[in-house]
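As structure tokens, here come the structures.
Note that chain A is present in both complexes that follow, paired respectively with chain B and with chain C.
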Partner chain A sequence: MRRFLTRRLLLAVPSLLGVTAVVYATVALVPGDPVSAFLGPGASPGARRELAARLGLGRPLPVRYAHWLGHAVRGDLGTSVSAQRPVTEVLWPALQQTLVVTAAAFALVVAGGVLLGAVGALRPRGPAGRLAGALSTLSVSAPQFSVALLLISVFAVRLRWLPAGGTHDAFGPGGTADLLRHLVLPAVAAALVPLGLTARVFRTALAGVLESDLADGLRARGTTRAVVLCHCAHNAAPALLTIGGLQLAYLLEGVVFVETLFDWPGLGRLLYDALAARDFPVVQGGVLVVAVAFIGINILVDAAHALIDPRVRSTS
Partner chain B sequence: MTRPSRRDPGLLVPLVLATALLAVAVAGPLLAPGSATAGSLRQRLLDPGSPGHLLGTDGQGRDVLSRIVLGARPSLAGGLLPVVVATVAGTVLGTVAGLGGRVAAQLLLRTLDVLYAFPGVLLAIAVCSLCTPGLTATVLALSVVLTPAVARVVFGEVRRVRSAEYLEAARVSGQSRFGVGVFQVLPVIGPVVLAYASSLVGLSVVYAAGLSFLGLGVAPPAPEWGAMLDELRPALFTHPTLALVPALTVLAVSVLFNVLGDALARRVAGTGGPRPAGHR
Partner chain C sequence: MPIRHRLFRSTALTSAALLMTAVAGCGSHAGTGRAGGGTSGHGGTLVIGATGKLPNPDTMMGGDGFEGKRLVAFQLYEGLTRYDLSKTDGPSRVTGALATSWTVAPDHRTWTFTLRKGVTFQDGTAFDTAAVIFNLDRYLNPKSPYYTTALGAAASEYAGDIAAYRAAGSGRVTLVTKAANGHFPEDLAHVLIASPTALRKSGTARFATHPVGTGPFAFVSQTTGQRIELAANKRYWRGAPKLDRLVIEAIPDAAARTAALRSGRVNWIEYPNPDDIDSLKSAGAQIVTNSYDHLWYWILDTAKGPWRDVRVRRAANYAIDRKAVAESLLHGTADPAYQAAPRATFAYDPKGDTYTHDPAKARQLLAEAGYPNGFSTSVTVPTGGSGNLLPVPITEALQRDLADVGIKVTIRTTDWSTLIGDEAKGTVALGSDAIAQSTTLFQSEALLPLFVGSGSPFWTGHYANKNVDRLLAAAAASPVLATRQDDYRRALAQVTADAPWLFVVNDRNPRALAPDVHGLVQPQSWFLDLTTVRVGK
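Take a look at the complex of A and B:
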């Protein structure tokens, strides 16, 4: 296991180097420079020169990248141009907000995905299975922004059950209960697409195991349905784990629309605004955080794979 | 791919609907009841069902139905063209890497690793901001995002057939590498790749609308579903039904293309499975 983890961690290094290099190059190509974006059109040449020098814009791109990288490995991601604060200080609160939505949405993804997938696999021809299949397709096809607008229109505007945006009421008790009330709609809007994908993958995996010799053997021995299902679910778990990990990564990086429509101050929204404001250090740092999370989740998924599946353990 | 038979309504129905949708996109100017850009300020924000305006009017008094119909062309182009570009580019990359040696394969796989570790939506936004907002920016950005996925599926399929004996026979009989790729491999992997590509259309339409929603795609006043979503969003609290019209349009089109993609994939797999053989 230790060898496996070491190998995977070493393989992650070139991926991270690639991602950061690509972002650095892409961001440098974006028209409009941070100096103009920050100082505005009326800035004096002296002020422009000073800011450009402070941002290190005079040096060639590879040198700037190497400089950034040297600081990044020591946990220093530079200074945000528009906030004039360290990038880590800007990213951290946004990351926390995104993690809150991601955690809530992921709970829905796993619960809903397993439920829809299991019903679909256990009743492939019956009405319940067909309904589960149709719901999965609908869920996969539901764009974040459409669902978000639909939810706000119904539950916030018409029924007035839940707030339409933000994380807390401006004048209210605050606290966890208030946060949870604000969390319901964004979490549902973010969860639907990954939920549908998870349901489909789990359904296929579970249906495959239920048709296998393992299931036949258990049934032939007179094992109860519930126990057969438990064994089959265990065998279908690796597929669930893989797709679940992918969807968790997808949620971390892909909630820009939900954050925009629900005024949720998360990472996706921050990065979009930073790109629009040409605040390159924030973009660069944010993408690094997301890429590290993505690769980290993948490694954890593979490790968990080895833990629950003896076949993987014996080969690795 | 075989012709859809009358006995498979699961394929025929979405195919007919998708064709009708494309017809609307092509013949939009003939079908739209009014203008997409001319509005009357005296008829601002009418709710759907108002006389003369079946789907209501937007904040500038423009007919929403006309804008939805005329917006079909840029909206669908923003979804379909990237899939076409990504399918061609991904097939070339995947086939070259699949038939080539170790170096080519490793080069492709490691590049894909990097692109996969990238936030997809953010990559599209970044590429979009490299260009002036418009259809070209959308198509370019989404092509970049979708190509790795296609390349990986193609690569997997090529690897699967690469050691087949008929390929060996073609090589021995003197066919060039290029010839083997085009005449021996492509026809075999074609159906799976096309089915996979069709499953990307729904996603691509949604992404294209999303980019316009963020102000990076087709620029106003041209009608486009994602841009309309953004224009009608302020009306959400006063006219909750009206603001949903473009949102539900994108949702319906996304469902349609996903159902069509699933049906095509089932057809190709021939087993009733929910995914093409190459999908991982």
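Take a look at the complex of A and C:
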């Protein structure tokens, strides 16, 4: 297991190098520059030149990248152009907010996905199974943006049960209960598509195992339905793990629109604003964090996979 | 074991989700029937939904557009002067803030300001001559420990004309400009003064996390770029603001802003989508508008193709139906612009209104110029951006009008940062023959030559007119308002006649307020005085 993890961690290094290099080059090629975005129209040309020099914009791209990388490995991601503060200081609170909304959405994905998938697999021809299937199909195919707006319009504007956005009520004292109320709609909006996908994958996997010789064998031995289900669920678990891991990574990336629409001050929103302001150090730092998280999740999923399935361990 | 473990885990997750929903349900009534509700204090809490990212709150660092200056910087800080935003019936004029009066020497360069006595910063320290010198050092003197390249570059926009500054005794400071500068007092409204004590404590690097000025509202907390909370400065020299708290939240999506107001999350939104105005009104919201020095226009490349001919440029101006854009498309949140000078500026003369909707005249001018069958051209349009209203739908309306007289326009869209980034380098994004954009032409007078002067470092469609340059220079050098007004009127009348732009509309700065927000005086300015606003019955 240790060898497995070491190998995966070592393989992550070139992946990260590749991602950061590609993003660095792409961001540098985007038209527009941080100086024009940061300074008003009346700033003097001399001041523009001086700031551009200070930001190192005149140096060749590979030199800038090497300089950035040299500092990044020591934990220094540079200074944000618009906030004029260390990038890490700007990223950290945003990352925390993203983790909160991602975790909530992921909890919904797993709970809802397992529930709908299991019902679909156990009662494939009954009304409950059909309903579960219809719900997961609807969930996958619903246009996320429109559904998010619909959720706001119904639950925040018409019924006023839940807040329309933000993390806390500006008129109230705040607190955890307030945060949780604000979390519901963004978490549901973000969870929708991954939930449907997870349900469909789990349903297929579980249905396959339930129809296999394993299930028949268990039933022939006279084991109870619950035990049969437990064993079958174990065998369907690798599929759930794979899709769950993928969906978690997808959620991390996909929260940009949720954060924008619900004014959730997370990483996606920060990256969106930073890109508009051509705040390259923040974009680069944010992408690095997302890439590390993405690769980290994949390693964790693979490790969990290896734990559940001895065949994966032995082949690795 | 692993199975039980996993089952336990999924049960726990399901319970957590159910619990979350239950908590949400329990607290749900707290949000009902409270659009703009006040808190314990008498003035209440105002929560504003802003259209874009909030600025860096360190004085002039800004960096995120004029809306940030309006809602954050001008609430936290003041300069030696300020805009008088208490009137609704005329363009806002400059008045004293941290200075009570000023005189200018006959060279029109040496200005002496008498500072206001008894003003304190929000941290309780006194404002004095040393504070002014400290701040100017911070903006202009690279040897100051509080100077940074970024701050110096940002401050150069309004403080860049200051050549020398010194204390002049008995509460006065003398500032010398590089050249004769008649609008210097207005420039100084943007040169913001921060507390030297607070700056010494935090240093420039951390000042944005603890900003302190003399403005009507004091800093409480922020989520960088997204949300900022301020509290009334009870010691404010013009009298404490009526509000207790002021919260600004960035809500860039227009639909989300409308939802935020209708759900009671905020009690004020900036720039509601014009299409939402009727529904907001019927939901009880107050819609407030007033003209300011805004112009939405196309800059035509006067050195390229048919646009080189002034008759063609005038033809295009006669071809478009601005009234339809202002009234039907923008639902009255803008006024048609029949000339270069925006209507809410002292350079506006109603007699200068020139370009009515006259397609027949447009066709005649095109025929005279040798284009009886029209021609094809292109325009680059931003998809959004501060003050740009609905850039693509407006351009599409203009495209239809121009097609009626034979001018076939290809629309190319790009993002706002790309457009202004290229413009600052003197080029056009996507290489079109024109760009669509908006600007506040007189915010401040110092910026006007950037838009119509021949020496502008920006892309101005290669427009150059020596008469305009001469009038702008004469206006800028005169400290006499009447002289400047006369020169600016003549300069902009010349621009109207030369038609280097397609003059389209002047925005009316719409905002929607919850029914219990009172006391807003909407001036003819981009900026706002929030000291008169209160929330409650």
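Remarks
By definition in this document, the second predicted complex is superposed on the first by the 316 of 316 C-alpha atoms of A that agree within 3 Å, B and C clash if a C-alpha of one lies under 4 Å from a C-alpha of the other, contacts with A are read in each partner's own complex, and residues count from 1 in each chain.
Everything below uses one rule, namely that contacts are C-beta pairs under 8 Å (C-beta built on N, C-alpha and C of every residue); 3 or more make two chains touch, one makes a residue touch a chain.
Every value quoted in this text rests on a predicted model; they were computed, and no experiment measured them.
With both structures placed on the common chain, the touch criterion links A:Val63 to neither chain B nor chain C. After superposition on the shared chain, chain A has more residues touched by C, the comparison being chain B against chain C.
In the superposition on chain A, contact of A:Ser141 is made with chain B only, not with chain C. Of the two partner chains, chain C is the only one touched by A:Arg181; chain B is not.
Of the two partner chains, chain C is the only one touched by A:Leu51; chain B is not. By the touch criterion defined above, A:Ala28 lies against neither chain B nor chain C after alignment on the C-alpha atoms of chain A. Of the two partner chains placed by the overlay, chain B and chain C both lie in contact with A:Ile152. By the document's definition of touching, both partners, chain B and chain C, reach A:Thr260. In the superposition on chain A, A:Gly165 contacts chain C only, with no contact to chain B. Chain A uses residues 30-31, 149, 152-153, 157, 164, 260-261, 276 to touch chain B in one structure and chain C in the other. Chain contact summary for the complex, chain C toward chain A: residues 2-4, 6-7, 10, 13-14, 16-17, 20-21, 23-28, 30-34, 37, 39, 45, 47, 53, 55-56, 58, 61-64, 148-154, 156-158, 160, 205-206, 208-209, 223-227, 229, 247, 249-253, 255-256, 259-260, 262-266, 414-418, 420-425, 429, 439, 446-447, 450, 457-458. For chain A in complex with chain B, the touching residues are 14-16, 18-19, 22-23, 26-27, 29-31, 137-138, 140-147, 149-150, 152-154, 157-158, 164, 200, 203-204, 250, 253-254, 256-257, 260-261, 268, 271-272, 275-276, 283, 287, 290-291, 294-295. Residues 110-111, 113-114, 116-122, 125-127, 129-130, 202, 206, 209-210, 213-214, 226, 229, 233, 236-237, 240-241, 243-244, 247-248, 250-251, 254-255, 257-259, 262, 273-275 of chain B are the ones touching chain A in the complex.
Of all residues in chain A, those touching chain C in their complex are 30-33, 35-48, 50-51, 54, 81-85, 90, 93, 104, 107-108, 110-112, 114-115, 149, 152-153, 156-157, 160-166, 169-172, 177-178, 180-181, 183-184, 187, 230-231, 233-234, 237, 260-263, 265, 269-270, 273, 276-278, 307-308.
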